[in-house]
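Two complexes are shown next, each including subunit A; its partner changes from subunit B in the first to subunit C in the second.
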Partner chain A sequence: MGSHANASGRHVLARFRARRILHAYLFIAPVIVLFGIFRVVPAIQTLLYSFYKVELLRGRFTFIGLDNFRTLLTDEIFQKAAVNTLVYVASIVPISAALGLILAVLFNTRFRFKEFFKAVYFAPMVTSTVAAAVVWWWMYNPQFGIFNVLLKLVGLPEQPWLMSSHMALPSIIIFSIWKTLGYNMIIYLAGLQAIPQQFYEAATIDGAGAIKRFWRISVPLLAPTTTFILIYNGILAFQVFDQVFVLTGGGPANSTNVVVLDLYRQAFERYNFGYAAAEAMVLFVFILGVTLLQYVYSKRFEVAY
Partner chain B sequence: MSRSALVAIGKPPLVLAVSGVAILMILPFYWMVMTAFVPAPDIIAFPPKWIPSRLTLAHFAEAFAKAPWLAYYWNSFVVAVVSVGCSLLFGLFAGYAFAVYRFPLQNFFFLMILATLMVPVQVTSVALYILLARIGWVDTYLGILAPNFASAFGVFMIRQGIKAIPLDLIEAARMDGAGEARIVLTIIAPLIKTTLATVAMILFLGSWNDFLWPVIVINSQDLRTIPVGIALFKDPYGSMNYGPLMAATVISTGPMLLAYIVSQKFMIRGIALTGLKG
Partner chain C sequence: MRASKVLAITLAILFLSPAIALAGAAKTTITLWYPAGDITAGAAHFADKTLFADFEAKNNVKVEAVALDYDTMIQKIFAAAAGKNIADILFIDTSWLPGFLKEEMLEPVADAKAKAWLAAVSPEIKELSDYGKGRMWGYPQYGIDVYGLTWNKDHFKEAGLDPEKPPKTWAEFREYAKKLTKRDAQGNITRVGYAIRHVGHPHGVVHKHFWAIYGAGAQLIDDPNALRGGKSMINTPGGKAALQLVLDMLDVDKSTSLNFPDPRAAFLKGIASMQISETVSIKARQPKEAPDLKWGMALPPVPKAGDKSVTLLGAWLYSVPKQAKNKAMAWKAIEWINSAEKDYELCKKYDASPRYKVNWDKEPFKSDAYDQGLKQLYPYGKKLPINLGLNGIMDAMGGAIQKVWHHEASVDAALADAERLANKAIADAAK
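After this line comes the complex of A and B, so read on.
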């Protein structure tokens, strides 16, 4: 009789487990199905299409091997776009991080209206990139824009800003710094506030000045925060599109063309879907590179702490 | 004299630096509002009129005459509400399953969801567009929504939130005979409402400001979201018509900036703690 109860108990338990598993699959099904259809399959298909010539209207897909990638290697416009993207990432990421760190140090003290100032610095982050870029487009206007008006007021030479192939990319970078600065500041501020106060007190007793304390205590202990900021900003910077579309449309003379903009033009203005898919793969490799860096570095910091 | 005033006086260079940069940060907003509300001749006056002497709504009238801003609002609103609603609902159930159950292929599915974070729509747009063209979703709400019905970030955040809930609580509810779906909706959801609010805010902001995917998938003017509307409103303008253009940016950024002014602490905290991209 005891063994009978035991067997039916096991039976109940097995049925119970089976129901749990059924529940689990039912509960994750919407997300898995939606992601499968609209994210995973398109990701794989983009890879496939990069080996095809795609004529969507005729419904014709012709396998052409590595031809798209070969063309990429000789496509001067795409190469310009790739170099511009790298320059953009290599400028915006460290500059915005460094300025964010300096501001965070300033904000890590007590002063009046601190919360108000914090909100002001963060405001660009919640504003639509497109709308903000439209405003900056007006501010960069060489004739009446506020930047040249200010330069004129203080007697400095006016600048061509977006009109010049030398200044257009830096102008976009300045915009993006304005847009991301507040975020980096808030993240660094959180990092600074997590550093135990005793470290600073001990260093002060040992006679370390403010600058020395910053370099010897803050900077090394903020290393994980810095890694996060560099990776996060890096991944987003590689996808830059909105501000370029609005401010310059890639010009003048492709001096501000970037990978996503070129991809957009190839796919949705010229309908070279296969070629655009190959460009998307280059973008993916960039993003993958940053992600792998993150993996390597976060491992290193786990060891260090 | 109050203590904080003493502190402020004790640090004039600091306050000077912070407020100097703050002026630069706020200048674009100021210039946007100024240009939108002053008459055309005052916009290009030199030296600039920092404090306007007269105001006008003419630029707003012109902006509204030239583009259907209310339709853009409605489109942005519908897309944001549906995508946030679906992402929260599906995320709640998926997050619960990943946090509470043990089932075969659990890690595989979870990693699959997280891996989509690494492959943004910038990368998948080509094949996604071709897929939607085949099923007739190009130039529809469904087309804009397709990649945004669920959020990997949402699933991840909600799972973290549920993991912090003691399992006893769920067991107790099961003892009382509550079904699993009811437990999720009536017991779990209220317990993690802060997480849900943060996720909702971030997804709403992301959807509201999203540009690349809507501009790819939408052709009709009637279906444009606000960012698409404003970006394409700019194009036909020459150098002189900045008033209506800035009125349009005020129209399009106004609600979000008001929401930010009202709830900036919640928004800063939420965005800083979790990152922004859905």
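After this line comes the complex of A and C, so read on.
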């Protein structure tokens, strides 16, 4: 009798649990379905397309194996775009993170109009990239732009900025740093404020100065925040498009061409969808690789407090 | 029993009546996509809701003109074609043709209609319409683009040049540009004699230097009307001379500069004395942007006296995509709006140059100085080739121009590279 009651109770409990699980899945189903339709299916489709010659309008898909990838290896324009993308990532990610940290440390102290200045630094993050890029295009204008006016005022030679093959990519990097700096600052600020004050107090009692406290306490304890910022900014930087499209269109002479822009052109100007898909897969592997590398390496700096 | 029958019939009528009413009232809707804004003056009339009123009344159809964002128009057209939900009429830039033809996206104009059109229009429109042996992919819109040299007459006077005599040869052009260039106390150029386009989309860079490339005897491709195959003709003595001309103006004469990247804007702002681009654009912008500017318009200069000038012709085109749902009515609407009568009526209303020979003999075009000026340029106009690899050829040539003028490569190296890339694009597109 007792065992029967136990079995029945377990059965009820199991049914209750199953129903709860079913309810939970029903609640998240819309998100899962939409994510599947708009993210997973296109991603799988892109992977498949990369092995085909895709002629969308004729509805013709010719399997060509790794041909698209082989062509990529000898495509000078893609190689240039890949190098430009790497230079962009390697510049913007550390510089933007370092400047964000410096600003966060400054904003972690008390001073007048702090909130106002915080908003000023954060504003670029919430501004449309395209709109901001159009304004910067004018600021970089060799004749009328503010940058050359300032250079002239301090007696320095005017620069061609976006008009020069040598200066265009650095000009885009400067714009992107301006755009991402505020976000990094806010994340670092949150990280700094989460560090318990007693660590600093103990270090101060032990005679550590401000710089020593920064290097010995702040920087190590901010490691998880730094990891997040590097991965997040890295992923975004690999996908750079808007600012390049607006500021230079990839020129002059492909000096600012980046992988996503090249992919866009292959797909929508040359209608080489299979080839563009192969470029997207290469970019995906790059992003995945760098993210995994950063993630694994950052495990060494994990902290708990 | 009788009552139930009456009820059944009444219910059936009620059930079907909306469908019957709809079927009676339904009109076929012809959709037309065109670029929004002031991308081309030729699209201005689409904003007029009564534009197709007569046609709609006669044919019991509705023509719906929809403005698309120019920058993403190609992508939208392509995506719509892939989704088999495209407009019945496309108003497109002729430079987009190769890309669309590569995908076999457009219907050709019927042979008889094409023959009649080519016989009735003026030579420049014939040049823009005929893609070899009378084959047409659409009807070019009025107010076509013709590239011409425009100059600031006040600057000419100030530099001691005759404001009514533009430079005719490259040597004169360089000499004039040097005289027209102005510098500040530090020696920085504040006004260029000639403004060059060297940034932005490579196509734009090539368009603005087409006159020199073709004028010197080079060509983007050997057969401009062949869809597939052929070879690039840019790495030739003429191609080299065309690139060297501006390089010398940059480095030797210092009469132009990389710091004036938008020739039309620089010209209208008075910081460039000469530029070569679409004359229609200067005509449209000058009254608003530079009302006091006195300017002249002429053919681009030639390498040496006696050479024939060459300049670029471009147009927007009415075309019908293969996936259009109402092809027959779409062609009918296109033929209606491109008739000689509508050409006259619309050109008069929108101050544009007509296409039909018969309309050139009528006023106001017969006495209009600008239109007559254009007529002097038209015979020297050439359209872009139609090769399916054109995008790649333009990228290659645009890249070569930028590399040379930005001092990243010698003329020889840049053109050798461009030739290789262009031939690869031609071969790839032909596959």
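Keep this in mind: the second predicted complex is superposed on the first by the 261 of 305 C-alpha atoms of A that agree within 3 Å, B and C clash if a C-alpha of one lies under 4 Å from a C-alpha of the other, contacts with A are read in each partner's own complex, and residues count from 1 in each chain.
By our rule, contacts are C-beta pairs under 8 Å (C-beta built on N, C-alpha and C of every residue); 3 or more make two chains touch, one makes a residue touch a chain.
Quick caveat: nothing in here was measured; it's all calculated off a predicted structure.
Judged by the touch definition given at the top, the superposed model places A:F268 against both subunit B and subunit C.
Between subunit B and subunit C, more residues of subunit A are touched by B.
When the shared chain is aligned, no partner comes close enough to touch A:A210: not subunit B, not subunit C. Of the two partner chains placed by superposition, only subunit B is touched by A:A123; subunit C is not. In the superposition on chain A, A:Q143 makes contact with both subunit B and subunit C. Of the two partner chains, subunit B is the only one touched by A:E115; subunit C is not. Contacts of A:L56 after superposition: both subunit B and subunit C are touched. Contact with neither subunit B nor subunit C is seen for A:L66 once the two complexes are overlaid on the shared chain. Of the residues of subunit A, those at positions 56, 143, 268 touch subunit B in one of the two structures and subunit C in the other. For subunit A in complex with subunit B, the touching residues are 20-21, 23-28, 30-32, 34-35, 37-46, 48-49, 54, 56, 103, 106-107, 109-112, 115, 117-132, 134-139, 141, 143-144, 146, 149, 152-153, 178, 181-183, 186-187, 190, 232, 236, 239, 241-242, 245-246, 260, 263-264, 267-268, 273, 276-277, 280-281, 283-284, 287-288, 291.
Residue ranges on subunit C touching subunit A, taken from their complex, read 74-75, 78, 81-82, 99, 102-105, 188, 198-202, 258-261, 271, 323, 391-392, 395, 398-399, 402-403, 406, 408, 421. Residues of subunit B that touch subunit A in their complex: 4-5, 7-8, 11, 14-15, 17-19, 21-22, 24-29, 31-32, 35, 43-44, 46-48, 90-91, 93-94, 96-98, 101-104, 106, 109, 112-113, 116, 118-120, 122-131, 133, 146-147, 149-150, 152, 155, 180, 184, 205, 208-209, 211-212, 215-216, 226-228, 230-231, 234, 239, 242, 245-246, 248-249, 252-253, 256-257, 260-261, 264-265, 267-268, 271-272, 275-277. Contact residues on subunit A toward subunit C in their complex (touch as defined above): 55-58, 76-77, 142-143, 158, 160, 162-165, 248-249, 251-254, 268-271.
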